[in-house]
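The same chain A turns up in both complexes below, where it pairs with chain B and then with chain C.
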Partner chain A sequence: MVAVYTLYIFDRHCECIFYTEWNRGRSPLSTDRSTAAATGGRSEGSKEPANTGHAVDGTGTHLAGDSQRPLVWPTSSTSTAHRVSPESPRNIAMEEEAKLVYGVAFSTRNIINKLNSKDSPQGGNPGGFMSFATNTYRLHYYESPTGVKFILTTDIAAVSMQPVLEMIYRNIYVEYVVKNPLFNVDPLASSPIENDYFRAVLNNYIREISTTASIA
Partner chain B sequence: MIHALFIINRSGGLIYNKNFTQHVAQLSSNEALIFAGTFHGIHALASRISPAPRRDSVKDLGIQSIDTKNFRIHCYQTPTGIKFIAVTDLLQTKLSSALNKAYILYSDYALKNPFYNLEMPIRSEMFDNKLQQLVQAH
Partner chain C sequence: MEKQYKSVGEEAWKNNTEKASAELFIFTYGSLVVQLAKDYEDYSAVNKQLDKMGYNIGVRLVDDMMARTSLERCSGFSATAEVIAKVGFKLFLNVVPTVTNWSADAKEFSLILDDNPLNDFCELPPKAVADGLWYSNVLCGVIRGALEMMQMQTEVAYVRDVLRGDDVSEIRVKLVRMLDEEVPASDD
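Moving on, here comes the complex of A and B:
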């Protein structure tokens, strides 16, 4: 039984192109959660209940999505109602956190490369950074040959998730994102993954490994 | 087998480093300082980004070990904020007792030395020798 908390995918431009979470409590960085909930509640209260149709539906789901944390980022392209505005406090915390996660993983990789061999080439993961552990979680790192970085956080019991991350890269990311004909091939711009099939397959796979004990 | 040992003071400065084997690269003094500063930073950040559900009694204490292809890094932080970092082979799963002993040596041979300046690099032959013995015992 492995508790998987979050998955981040970063492209070559250090941009977070995908984020999703499972079994996760409150975000450590969202300090203004209660105020956001309070303002949300107030604006909902000021709305007339008899207000017609679409707008109310849209706002309703939006607020519901806000008071709980969004489970994935970017949000699904088909449901525009869930598209949280970039100014919302929750989203900012998520992006700030993604930057911190990237910074920590990137710096760790670099000092390990240095320690591994003095004249290691710039970039890549020749030192073989796999994971680090604190007393509350473990962060696993996998870098594809093309420089896409997968960062998975789990509880500390999951010692090696390298095969899992490689599987996500090889059989889910490549198959459902890269082979998609609508995949953004522009090497200079990064685009978030807004692909429902990718998300569904990924969710199934994570559910599968978090219920089988064999991986740990 | 312990390949190398680093001691970092409260503010992220390197106060001791020594390689015991040739297995990891011998860092120049400049690179060792960068290593210490970077480790200090990621140690502090890692405790801030903990995704684990929060329990009031459990606080994240920062990085305790890093696994890589060729070696493993262990970190022990004392209550006063000094970090003892050991680079070992992959067979060492738990090194807290050895790092604890290194902390005792530090207290005995560096702190109790009246000529030792706090937070400054440790230059003591006695400390070197005792540490060497400790590493050989592991």
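Moving on, here comes the complex of A and C:
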């Protein structure tokens, strides 16, 4: 069984337009390990004290016993998503973390491109950077031809999540973000993804792959 | 290489597309242009507006096309031209323009459209022809927007149009420069 921990989506301007995390209680990446059985109250901060994370409205995302809804970032004040609050237990702020993750993936991809003598100022992933692993997690990378980057962290057992990332790009991102007329594709600025359908479909998809046989 | 793009385009057209009524699309586009002409009353402003609308469509369309056809980045500008003609146009309009008139430095080419579906049922009034309206200028914007998302800055414009009395419709695509990928702002 593949445990998926987090997903980051970066747009062409190197900005993190979407971040979400699942399985917080079991993820080695989260400092929030002790809340596996607790409610989501602590991680939400002071904004929604009454919402204990048990799905009251039927969007019940019970990921293999984890009763917490996936947290999402960045969010505006009008968003209905479960947000990663500034007070939630993390080692560094969300913006910093996103920048560091981007930097790691970007630099690794560039090194691999250079070693293959395929680097170009236009970017892309001709060197074929797919994933790297530490002793606690594995990070998978996928870059669309248009420069949108998807980064997924999972447990070490998942050897290749390229098909998963491609599915997320083709059937979820393109369908619910690119084709949404209200999503601002500005050549200069970035806009975060704040789209309930996108989140719902993504959560369903990740839940499905987490509960089927692991991809090896 | 060329055969491969042609088959990619045809296969994607057969399998990966939801078809919509052509007439509905053509008439919707026509009424859009009519409304713009009424609002602006100046045909060069209409041209600009169509190009801008096309640009907004193009930046999203390219992601859609990449998702459906699983293509990778093109090796060069000539491959790009082939993909636009054989895959892009085929996938969305079911026509395949011909790529010709390459310039000496291989940075410009022409797309010759024998049969532009948007032109069906359309007749331009003499004033529109005299003032220089390019009826399907939205296509120019789409190509420009799509190529900009693929890191190419281009200038795309109509050169000839059957609705204005020429024998074929011709769009000229010129590569201005390749855009570099953005790097994250450094902290120092």
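The working rule: the second predicted complex is superposed on the first by the 146 of 216 C-alpha atoms of A that agree within 3 Å, B and C clash if a C-alpha of one lies under 4 Å from a C-alpha of the other, contacts with A are read in each partner's own complex, and residues count from 1 in each chain.
Basically, a contact is a pair of C-beta atoms (placed from the backbone, for glycine too) under 8 Å apart; a residue touches a chain by one contact, two chains touch by 3 or more.
The structure presented is a predicted model; accordingly, all values stated were derived computationally and were not measured.
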First (chain B), second (chain C), both or neither touched by A:132: first
Contacts of A:1 with chain B and chain C, given as first, second, both or neither: neither
Partner chain(s) touched by A:174 [first = chain B, second = chain C, both, neither]: second
Which superposed partner A:153 touches (first chain B, second chain C, both, neither): first
Which of chain B and chain C A:187 touches, first, second, both or neither: second
Partner chain(s) touched by A:111 [first = chain B, second = chain C, both, neither]: first
Touching partner for A:144 - first (chain B), second (chain C), both, neither: second
First (chain B), second (chain C), both or neither touched by A:103: both
Per-residue contact with chain A, leading partner among chain C and chain B: B
Shared chain A surface residues [contacts with chain B and with chain C]: 103
Interface residues, chain A side, partner chain C - complex: 12-14, 99, 102-103, 106, 121-124, 126, 144-148, 166, 169-171, 173-174, 178-179, 185, 187
Chain B contact footprint on chain A (complex, rising order): 5-6, 21, 23-29, 97, 100-101, 103-104, 107-108, 110-112, 114-118, 127-137, 139, 153, 155, 160
Footprint of chain A on chain C - complex, ascending: 56, 59-60, 62-64, 66-68, 70-73, 148-151, 178-185
Chain B residues touching chain A - in the complex, by the definition given at the top: 4, 24-27, 31, 34-35, 38-39, 41-42, 45-54, 58, 60-71, 73, 87
